[in-house]
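Note that the chains are named A, B, C and D in the order they appear, and that numbering of residues resets to 1 at the start of each chain.
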């Protein structure tokens, strides 16, 4: 009963926020002369309107969930990992390269590619952790900067040595992966692929790990107060490398499943332009670094995006306005509306 | 070597660095009051767009700059209200604002000028280029330092002004206090929220100027997304300079210089992708010297009792 | 900004004369979608295409809808959605569309597709391809003849394969007329950065370039501004941009995407739509250069000079006839 | 009556911190507020200072009702507060910390020279000398306490609230502080003094109000009462006096030899320290804070790498070993600063209790929730820790209760060796008895304890041997049975040992 009440209270805030966000979005729609009901209906349809669109939303959410989980882990350990983008790019590239050049049967290459993606994303992230632990370089800055370096490096590889020379050869991309290494689709004719299962399992595992294991406990305490953790015998340096590695590993996995499940090749810019990394960070922050919450927030953000596309396709509301509405919704969802609301009510009573 | 380090390199550095520096100073003010402003990119974009709008309607560049500042202030109030008043996560707000700014400017570009992508009008006059009387006659320096837009010189003055403001004035002192230990500041009756709003507003003024320099100083046009990541570079400069105006200036200049240099390195043997990495790699290397606060100090600070 | 962008332009004065045969007024209105792999935004290439598409829609009485995408993943989704929403013809464009189109077109063999600016070899897809390098070649040849300093430059958006069609074509042309000339290339690293584009042009000018071609999408605007400030000569892409500043913007490379979009809609409504590959180069008048292949409303700049124009017109004829071969850097 | 608080009630959800409290203050009076940990003293004072709004009740100043919605209001009404935990800006200078909020200015400029002069003048006027240009981070706790009080005086406060001001001070510093308070009261300032040290209270207070479970159990004139009556009022029962058993020294547990730590500055923080602790004994370390005790504790527990020397724990060389390894070897540690080292404020009581115990409550790396809750629940009853529930966040515990949680956690490690740094800082008399009892118990069970305390009575009461530290060295060793406060104080101040 108590738990139920607590749950209800914790749901009040996001619900209220979504409500206010929709109201604010409605104002934007009215300003451009759209019909609020129709626009939101199209948005809903684009995100959840049918099984097809629902799975579409989930497939878009897949990399966001994985990135969000990685970021959540690092945040929980007290490390501000802003480098998901670079980690994802390198993970994706390594997965593609492994899948293309490794000999062996398809299933073997697929697994190897996923592992390669996780490892290279993890190493890139752990590098930032190492620079911080060893040289006291601010992690926030290094991770941000390493993004640019990773993107340029990957860009170079696919523009020159690894470039796809079959076909029109006009894109900076690797060759298409052999069909045997593609991640299977979950439903025929839908874009949702097995990567989503990985993301969902990842969320549950991370949740269980953080909550019920010794290491998870240590990571949480390290994030809560690093002095307390080190006083209790947690080794910050080691933990930093470990948690940054796992954090980057999630981002690398995100890149890998995009390559193996959606694009079937590494295409320069295909992972950076949708802003998956920023969405992932937002999902994490919206959920207060709770793994399951992060997954839900990621789906919500993905739904806003796919909904926005639906809105653009089927109404006269232009694409820019749909991005305005998305931003407004996010802003309000992030606001701790109940905070001031409850406080005020208390003061009065 | 002569090819690399010519006068135009320094002139170009100064021009390219001004918007970054202005935004980074704004970021530093926010950081000083405990608001990590990821929304610089969006604020600068707003500034760049509204400067062009102002110019279009008033036909006066200075009025346009003022207009840009006002619009950016209005936009930043949203940032302040969300993160200070409604206690939203400041980073989420920053990211969302970046998206919002991109959407709003693109949309308004169409609404105001009825064009897509870029607004350019050859009759539009940008910020004047000031030749500085004595300076311009000094052989090498004159060429590098003279003949820039007023905002370039203003940004240099602002660095000094902010340094003095933060460390020499009462208001600056309280601003530092509010960021250093908000609980203690509140316990002294200092209005921390009000100071935070103040910092956000000052930041938006600076970002407005940064945007104006971009769209009326560096070039005279607005194009969709023309900030091209400069706001994030400014964020790095803010952190690297440890939110000290002089430090921020130094790190912005370092980055700007390396950026200008990397352009010149294009075409020398190395692939472009690698020359483009140069500013980022050098910035990381510079961090070896700009040592950050120890995590212990950081942790001590955040684990003072709140009761 | 990502992905890519193709510029260029052939101003393709649409042959609006051929319109009024009013083919299918009696039949039900055809539903045609133009699904773009990115936002139209700053991209003249897409702007033109959209214009040609809409124009054809209203002239031939088709129901047309342009759908922009925010990113590659969103593009595939939009493409699938248009299939689901049962458009009669789905037009898309650029290399970026290739992967998704291959998948979707294979899965929907009964649906009609068209793709502009790349080739997708499927029975239900009509492909239209451009040979931009031929136009670039002409521009390079002209630049080689016109330069007084023997240094010419190009400010390019990104060091990416698809843009080498422009730089390589340009360089081949330049070499053909002026083997001595130095060719400076600088990359902006973005499609949306006029500020850096301008700095790069200023740099090239300071190194002595007197003709600097803009190949940087929006960055071109920055190049133009630098030209105006410093008094060198420059060239634009896609449409005839000489009108913006005839004194300095002395040439434009053209690419007829609007005409292609227009023709595609027209042929579909009129029933003459055919699958397969159509290739547009100089010969087909799909690409070109102002003054050489097309007249311009602006006066010819003395920097270029009628004499050089005549010489390059001859080169253009050689390319059309196959006497001169322009190497496509993307073909091996 | 200068100040009157009527029927103040304050509840946090299900916890009632204050219930129908009446409290008054006369001009020039020193009014002590005492009570067990979590009785609601701090809460009541935070209400008076405008930092919390009461659920119900009224406050009158000079007979007129006032609304104190924020500290700014309180300061306007000349109410100042020195908080239980310092509210200072460590990177700022003393002068800056004192004048903040009412800075002397030249135009818009902050006149730091004038601030320093003002600080010096204040210091002289109230007999609390400070160095205005020194950074607060570099000051001893006693100095920081002075800064806090000078800050309040600079604000022009007439009513000054002191929440456990002596908790961190050495006896000498306490004495100075009490004299200063008396002097100020004679000059017409009024004080509300919260303290768990009843002796001090009897020494300076005019009136005493006792709180228990958020309710006033009595207000008495100081001259009409004594320490025993007071503690009965507070705790609701008589305190049992614990007695010490004689034990004999067993084998050596901790051996420290020639331990040195070089600081950033020229002066070494620890110089060639050697001592040992054996089974069945408590070795007390006395000294003014800042004389190397922190570095010594941190070196032994592995938080700081010593530059020279050796530390042996149960015959293992643990010099410079990681904390985890040393703990595994047999160390438990009650840290000196509970907020910095002892807890994660945002974590729950259970989670904070689990630190160091996780290995015992896991199988294959998976924690057993029920076992952990049983363990922490047992501590809560045994030490009388007042907490809403086991999943209350640590930051909501009162200072003393948090201290009890930490002590319970470290005692439960059941290690052969325990560092107990300021084990009773901020705890009430009842809890102090319990903690002292537990420490002696551990000693009787052949444990070895290194006790560091600024409280000489505590050192004298518990220790078998006493070491005094001065400027990073051991200035002398005394046998507890014969040592006196005077002897220790002399050594602490740098004098030579006599006898």
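Quick note on the criterion: a residue touches a chain if its C-beta (ideal position, glycine included) is under 8 Å from a C-beta of that chain, and two chains touch if they have at least 3 such contacts.
It should be emphasised that the depicted structure is a prediction, and the values quoted were computed from it without experimental measurement.
S.K.: Name the two chains that are joined by the greatest number of C-beta pairs in contact.
M.R.: Counting C-beta pairs in contact per chain pair, the top pair is A-B.
S.K.: Going by average Cα coordinates, which chain is farthest removed from subunit A?
M.R.: D
S.K.: Hey, how far is the Cα centre of subunit B from the one of subunit C, in Å?
M.R.: Going by mean C-alpha positions, subunit B sits 36 Å from subunit C.
S.K.: Could you put a whole-Å number on the gap between the CA centroids of subunit A and subunit B?
M.R.: 28
S.K.: Would you kindly tell me how far, in whole Å, the mean C-alpha position of subunit D lies from that of subunit A?
M.R.: Centre-to-centre distance between subunit A and subunit D: 45 Å.
S.K.: Which subunit D residues touch at least two other chains?
M.R.: 340, 345
S.K.: Can you tell me which residues of subunit B touch two or more of the remaining chains?
M.R.: 106, 271, 273, 276, 299-300, 303
S.K.: Spell out, as numbers or ranges, the residues of subunit A touching 2 or more other chains.
M.R.: 155, 159, 225, 227-228, 323
S.K.: If you go through all the chains, which pairs of them touch?
M.R.: A-B, A-C, A-D, B-C, B-D
S.K.: Which residues, counting only subunit B, touch subunit C once they are in their complex?
M.R.: So the residues of subunit B in touch with subunit C come to 3, 6, 8, 12, 15-16, 19, 106, 116-118, 120, 122, 214, 218-221, 223-226, 228-229, 260, 263-264, 266-267, 271-273, 276.
S.K.: Mind pulling up the subunit D residues that touch subunit B in the complex?
M.R.: 42, 49, 51, 70-76, 81, 83-92, 96, 100-101, 103, 105, 108-110, 151, 339-340, 345, 395, 398-399
S.K.: In the complex, go through subunit D and note every residue touching subunit A.
M.R.: Residues in contact with subunit A: 53, 301, 303, 322-328, 333, 335, 340-347, 351, 354-356, 358-359, 362, 365-367, 369.
S.K.: Spell out the residues on subunit A that touch subunit D in their complex, using ranges where they run on.
M.R.: 212-215, 217-218, 220-221, 224-225, 227-235, 347
S.K.: Touching subunit C in the complex: which residues of subunit A?
M.R.: Touch residues, subunit A against subunit C: 52, 56, 60, 155, 159, 163, 165, 167-172, 176, 189, 191, 258, 262-265, 267-270, 272-275, 305-306, 308-310, 312-314, 319, 323.
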